[in-house]
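Below you'll find the structure, written out as structure tokens, and then a few comments.
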Amino acid sequence: MALLEVMILSFGGQGGVTAARILAITALNEGKFAQAIPQFGAERRGALVRSFLRISDKPIRRHSSVKNPEIVAVFSEKILKIAEVKANTVIINSKQPVLENCKVFYVDASSIALELNLISAGWPIVNTAMSGAMAKVLGFSFGSLKDAIEQTFSGKLADLNVQAAKRAYEEVKEWSA
Amino acid sequence: MALLEVMILSFGGQGGVTAARILAITALNEGKFAQAIPQFGAERRGALVRSFLRISDKPIRRHSSVKNPEIVAVFSEKILKIAEVKANTVIINSKQPVLENCKVFYVDASSIALELNLISAGWPIVNTAMSGAMAKVLGFSFGSLKDAIEQTFSGKLADLNVQAAKRAYEEVKEWSA
Amino acid sequence: MECMIAKPSKGSAGKTGLWRTFKPIYDESKCNNCLLCWLYCPENAIDVLNGKISIDYDYCKGCGICAKICAKKAIEMVREEEV
Amino acid sequence: MECMIAKPSKGSAGKTGLWRTFKPIYDESKCNNCLLCWLYCPENAIDVLNGKISIDYDYCKGCGICAKICAKKAIEMVREEEV
Amino acid sequence: MVVVRIKDLPKEKFLLPGNTSCQGCPHALGLKALGMALGDDVVLIVPAGCTTIIAGSRDKSAFKFPCLHVPFASAPAVATGLGSAFKRLGKKGIPVVWMGDGGSDIGFATLSGACVRKDDMIVIVSDNEAYMNTGIQTSGTTFWKAKTTTSPMGKREEKKDLALIMLMHKADYVATASVGYVQDFISKLRKASEIDGFRFIHLHSPCPPGWGFDSSETVEIARLAVKCGAWILWEFDGKFKISPISKPYADKAKRAPLTEYLRKQRRFRHLSDEDIAEIERRIDEQWKVILALESVF
Amino acid sequence: MVVVRIKDLPKEKFLLPGNTSCQGCPHALGLKALGMALGDDVVLIVPAGCTTIIAGSRDKSAFKFPCLHVPFASAPAVATGLGSAFKRLGKKGIPVVWMGDGGSDIGFATLSGACVRKDDMIVIVSDNEAYMNTGIQTSGTTFWKAKTTTSPMGKREEKKDLALIMLMHKADYVATASVGYVQDFISKLRKASEIDGFRFIHLHSPCPPGWGFDSSETVEIARLAVKCGAWILWEFDGKFKISPISKPYADKAKRAPLTEYLRKQRRFRHLSDEDIAEIERRIDEQWKVILALESVF
Amino acid sequence: MKKVLTGNYAVAEAVKMAKAEFIAAYPITPQTTIVERLAEMVEKGELNAEFVRVESEHSALAAVYGASAGGLRAFTATSSHGLLYMYEMCWWVANSRLPVVMALVTRTIGPPWNIHTDHTDLLTLRDSGWILAMSENAQEAFDLTLIGFKVAEQIDLPFAVGLDGFQVSHTAEVVDIPEQSEIDRFLPERRRDKPFVIEPGNPITVGGLTANECAMMLRHDMNKDMEKVGDLVRNAGYIRDYDLVERYRLDDAEYVVIMMGAWCGDAKEAIDILRNDGVQIGMLRLRFVRPFPAEEIAKLDCRKILVVERDCSIGKGGIIATEVKSVASSPVQSVMAGLGGVDVGVEDFVSMFRGFVKGELGEWWL
Amino acid sequence: MKKVLTGNYAVAEAVKMAKAEFIAAYPITPQTTIVERLAEMVEKGELNAEFVRVESEHSALAAVYGASAGGLRAFTATSSHGLLYMYEMCWWVANSRLPVVMALVTRTIGPPWNIHTDHTDLLTLRDSGWILAMSENAQEAFDLTLIGFKVAEQIDLPFAVGLDGFQVSHTAEVVDIPEQSEIDRFLPERRRDKPFVIEPGNPITVGGLTANECAMMLRHDMNKDMEKVGDLVRNAGYIRDYDLVERYRLDDAEYVVIMMGAWCGDAKEAIDILRNDGVQIGMLRLRFVRPFPAEEIAKLDCRKILVVERDCSIGKGGIIATEVKSVASSPVQSVMAGLGGVDVGVEDFVSMFRGFVKGELGEWWL
């Protein structure tokens, strides 16, 4: 795999940064090199956050921000109202494919999170579900992802998050324009 | 006058620095250039203090310390016990010429100060008397010195110090080896 | 230098109404006009017009303080449709 | 580095006895051995030997505290001969 | 103590909506109250902290106050200079330092110096009991046993009592206040503005993300702190007085159960019963001191 | 309060004669007492000040203590680190910070921080009420109306009450002391050394050149300050107690006339009768506070 | 073992493996997560050290100074305004020749408040006597921290490890972590008696007044000892080999770029692109600014040198360029870019380097 | 009128004649007498200003920052550790572009504690955006302080006037003091609204978060404006003419010495002595380090240049030499001397310069 650049769009509190981190570990588990980059700046709960993920077969040298991601993951449909999403492939937390002019993968991560009671301060925590969907799209094995999640969470929380990821890994659907 | 370099040796509290300052003003009053340099460092009352005076017809450019003074003024005979005094000319606060191998001027500045009640914390303040003797040796007019003292002290203190300087200006004696 | 100077602007962080998960809904009929919600809204997103309050949804972040402080329960927090 | 390190030394400022204008003179006969002078000498220039005090004139700066604190007036400050 | 009525408060906004403060932010509440209390007289001096972010960015300010950003440790000294300029140039206005508790850690010498000089300013320490802007680290005023990212097992030292310390500095005006009692805070700000010299207000500011409670509960938590006696409202304006709101809680029987306050916060979730008993003991002691001070000062 | 008898005091010298202190130097008196009280246990940490000079120069030290020179504002923090090293490496000894009042101005945040953390050290502020090493400039603790080179008309602000402020910091041990009462100081140092944590002593240190009195009068002036009630000796070791020496002066009638203290000093020569009356009023007030504290703490 | 770690966590990991005994630090973005992680390690017993929650950076380094003077292996970390606030202590520690290690997460100096990378803060230390390293990525941040302890304790000079704010500090990357046993072999316990030790019953006084000549000789000796650092780094005996510089496609380079920090990775990709076009360009990456790799630069024999840097000495220009010019034998061009954290990526470097080769490049990359 | 004044009193006199409105400073040897004199002037009503007895240098410059942001003409003074302690504020003031004037009495940085001159402290400001002047004597200290206010207020950059500790600060010399009316013509009242003014009722926020590009542009603009300072100094319209450099016996010089500060007087005497022996030697004295007089140095056309300086950037060498080398077209030799206040006098310079001419001079003058 040559260098692949991914952008995650999420609201503060949704766990976009953690998702990038989990996927980087997943990539490492798959024998790849990876970078997870949080939004550089002062986040406030609720505001739009951009995080990045780079994956490659070779060590990744660049440290600048990702400008033209090949894949964009969108953690909430609402984000489409405030941010322009331009990429070949979009992975979105949604019941329907709500985009055009690109390859779209969609999964109802919010429902998965709510059903598993992954909620904080009123928000469904969709990051592991979205990680599941993204891992699938990126072609990673579920085992690698599971391990990454277990490195990130512990105890019961790990279980729940693995479940969420598993469901999304399986439920994510592709829709092409 | 080419550059003339003078060193003043005094104990902290005797006013060696002030004497240098007064003589620098006197020199200015005489149309000359001058520099008064205090000991560079942390003085403590009672310790030996070295101050310097430079006088010249031309602006004085150097700012290094005086290493080979032509004239040394010694504010207390006791200083001879702890410091080596080497110069062509020595001006000393003493009843007798107590040195050899150089031109010596001596004046009993302590008695002058005590008689005029110029005392602080048990010490006779000999600086103006010594300034008088030094001004005489340096060939300055008493008027120039008087003005310098009056710029330095005010009121009754100025009067007393002028008197001390005047007496020393007149009483200083030369003794040559 | 100018770029180091900022001037008073509503929405210095953008339309912060987007941050909401829950939305305060005001029921005028229950309101006794105490204005506690107005006083305690940290966002300053509540206005008082002719003694009645009105919530500026462009900026209200949905913190829920207004609903909680209201003794008359005239404000209710309702989940925003989509998250 | 060594030159940044100093070791305990009497007379770190030299023979500070030279600083004196007045000299404390001890009259053993008046002394009641209270050792207040020893306790209050800021220079630590008073030693106690067999219950008697002795002043180290190499370092005594002649501050006069010992004379003042002595209730028996067993120490007197006397002008040094030459100033 | 002048009573402040809600209806009489000005409607003009000095903290503008749509700023970067988190949901339920106590600083936002406090800054809003500051605008209501003193309005156009305020010139804000803000050292690093959450308020730096709240103030806005690029060309957009969240304040209708003039506001000068300053280094973390410097705010009261900057106010000294700025106040001097106002006086010399005949401008009416009060330098108001708005700092977090972190600002009063690193800047405590600065604060103390300005107070000792009795320089003309109002200093408000909006105390959310940790360094929030950098992500919830322990500060001098962090509550005993509270968890932070630098005290993951709970803080071992006691909360620094800023207001009493400033009282012993002989500040011209000292008060404690709480974002749970905005009218009391406004009344104290107004009182402070009528006094000359160095005026200090220690404002209790519960922070939802920092303390771990829901954003809707900022006011409730703040009030519980007062009701359980852990935060005592008082004022010194030449005379030391426990504020009417806190007065009843001098009587221990009237206090809300301490657990009600503590159990609502994630940072205290690990407390043992002994810990809680110890906190209660300390609260009782604090009341003794405050009551004694009321009798002397 | 353990009584210290002169005859029992050790004869070993930790401050060596022939150092650079001025005649009649209060720091010298205090440092000597420190050696008598704690001897080999002491590791000195000295920020900039007269003591920097007194400590000696080149290869000659005036101390038989180990001594680390440190930047002006840093001393208590250095002690924190040093104390940690002693503990880890199993060395018995106490980091003792010896600072001037200037050190407690610029370093007040450092001092406050170490105290709030209850770090293990003894801090002694030897207070000669001005920055002497740089030539008598006003400090936070300079006495009201005293003349200094930066306050040539007399200081306008009140003396900062360090000890009470540290008391409100909840230091583990706080005391005031005076170079006029060396035995009391030694006794307090020994008490402090038996307590763990942060211990603070505010030592009153009249300075002959700085205050303008004859070098023979250091002890007398120090005692007059206590006798006229202007300097109150007290101790807090869990319990607040006025020290026996000061106790009688709670009764105003027993106090020495204030003028006796003031008139001996050049820095006060310009005081008017009203000034003196005002000082007296403030002393009375201070006593009220101290007596009240005795009843609470 | 390979792990995904941010630069900051990599540093914390290195400090743990170095068995640091004393840590005092004050939070500041983007350094904070180092401190948080270390606090956690200490509280959880993963690291047997004291962690002090100081009230300022001045006190952070003061406490570290005290601990180091008492014989402990001590560490701190800071950034930008934090560094400026402890600046006096930085000089004090260096002149005291204590082997302290500090992580410096680079960040722009305000106002305006700005938390993004810029190398001005690190460079304010360049006269002080600190060894100054600048890492390109999390792996180097990890390695240089460990090498830092070793070299600092060998030569008795403090060691600062720079890492770009966010770009390295907060970017999680794959880092190869050695076994603890390897580290233990590499890094023995600190010698407690060097350069001096303050302890009860050992009555030495350190740092007091001395002869002027001594103050001068101290600086002279520090400068001389700094010259030995290159060899110490090269012969450190670490798991991986390190040098003061990295040479990237330099052998036949007619055009040489000199840079330091995280963006060098982007620049290397740009160099690869130009190489594909046949441009003989390479990079001399400064892994250390102090000691300054003067010889390595002087030896460069090429058509021209381009210094790209994230700083500006107001009234003089690029700081590194000035230093490079003072020793280079080939012509040097200076470009200041990326100040205030402005993002400069591969595409930027491609056009910057093309402009350089063509001689069409200005002094500022705005 | 001619007066005998120490350098410090000359500075205080200049501040008085400049009608400074706000002064905050903290004592430190050898700066203290400036502060004492100003305090006296203010208390005696000779100067209508506020004098604040701050509790630290950080607060001194913070208070001055506040006063200047409020529109006042403000002044402070410090030295060595005082400068390091206010270092954060120095950067803040510069980036804020406030026309503050500071006297910096140079002093060696400890440990060991040392109160004597050395130029390392002043040079720590060289990146920050302060205009940096260094006077040779009390007269220049006086003149440059006045010029400082004028230039700072014209270009909105802070201005530091350096003077050597003791050698200038405490040496009483003959100083020519102009009439107040002359000064008033030269220096108008400060414009209150430049670069901004913080005042009640004017709701601007200054110094907050901005775009990264803005932080970069700020530094770019400062650098650009710094380039204008040379002209402003030359055209200041002061009683005496000033330039960034002084040229001493330079016209036909084959050997050029570059130095700054008080010892240049001694060096000039040494030059006269060598000239008497027929050696064509002269001096380019740096009266300013920032802006760096690059053009003046680049223009030097001589056999070789000798830079003599009282500082050392550990791990790189002479700071001024590095900068001179970066722009000079003639070969440059560097000598570090007089650090820690070591006295270097006429005789030393004579033999140093002879060694230089003969090519027998080492890098350190110990």
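Letters A, B, C, D, E, F, G and H name the chains as they come in the text, with residue numbers starting at 1 for each one.
Here, a contact is a pair of C-beta atoms (placed from the backbone, for glycine too) under 8 Å apart; a residue touches a chain by one contact, two chains touch by 3 or more.
Treat the numbers as computed from the prediction; the structure is a model and nothing was measured.
Listed by label, the chains touching chain B and chain C alike are H. Counting contacting C-beta pairs between every two chains, the top pair is G-H. For this pair, chain C with chain H, the centres built from the Cα atoms lie 55 Å apart.
Our note on geometry: chain E versus chain H, Cα centroid distance of 43 Å, whole angstroms. The set of chain B residues that touch two or more partner chains comprises 42, 44-47, 121-122.
Multi-chain contact residues of chain G (touching two or more other chains) are listed as 29, 53, 55-56, 81, 85, 88, 92, 96, 110-113, 116, 203-211, 214, 217-218, 341, 343.
Within chain F, the positions touching two or more other chains are listed as 20-23, 52-53, 55-58, 61, 63-64, 69, 71, 73, 105-106, 108-110, 112-113, 116-117, 133, 140, 208, 214-215.
Interface residues of chain E facing chain A in the complex, by the touch rule stated above, are 20-23, 53, 133, 208-209, 214-215. If you check the complex, the residues on chain C that touch chain H are 1, 3-8.
Chain E makes touch with chain G in their complex at residues 48, 52, 69, 71-73, 105-106, 108, 131, 133-135, 137-138, 140, 149-153. Interface of chain H with chain F (complex): residues 26-29, 32-33, 35-36, 39-40, 43-44, 51, 53, 55-57, 81, 85, 110-113. By the touch criterion given at the top, residues 81, 84-85, 87-88, 91-92, 94-96, 108-114, 116, 118, 120, 123-124, 126-129, 131-132, 206-210, 212-220, 222-223, 226-227, 229, 290-292, 294, 311-317, 319, 321-323, 325-327, 336, 338-343, 364, 366 of chain H touch chain G in their complex.
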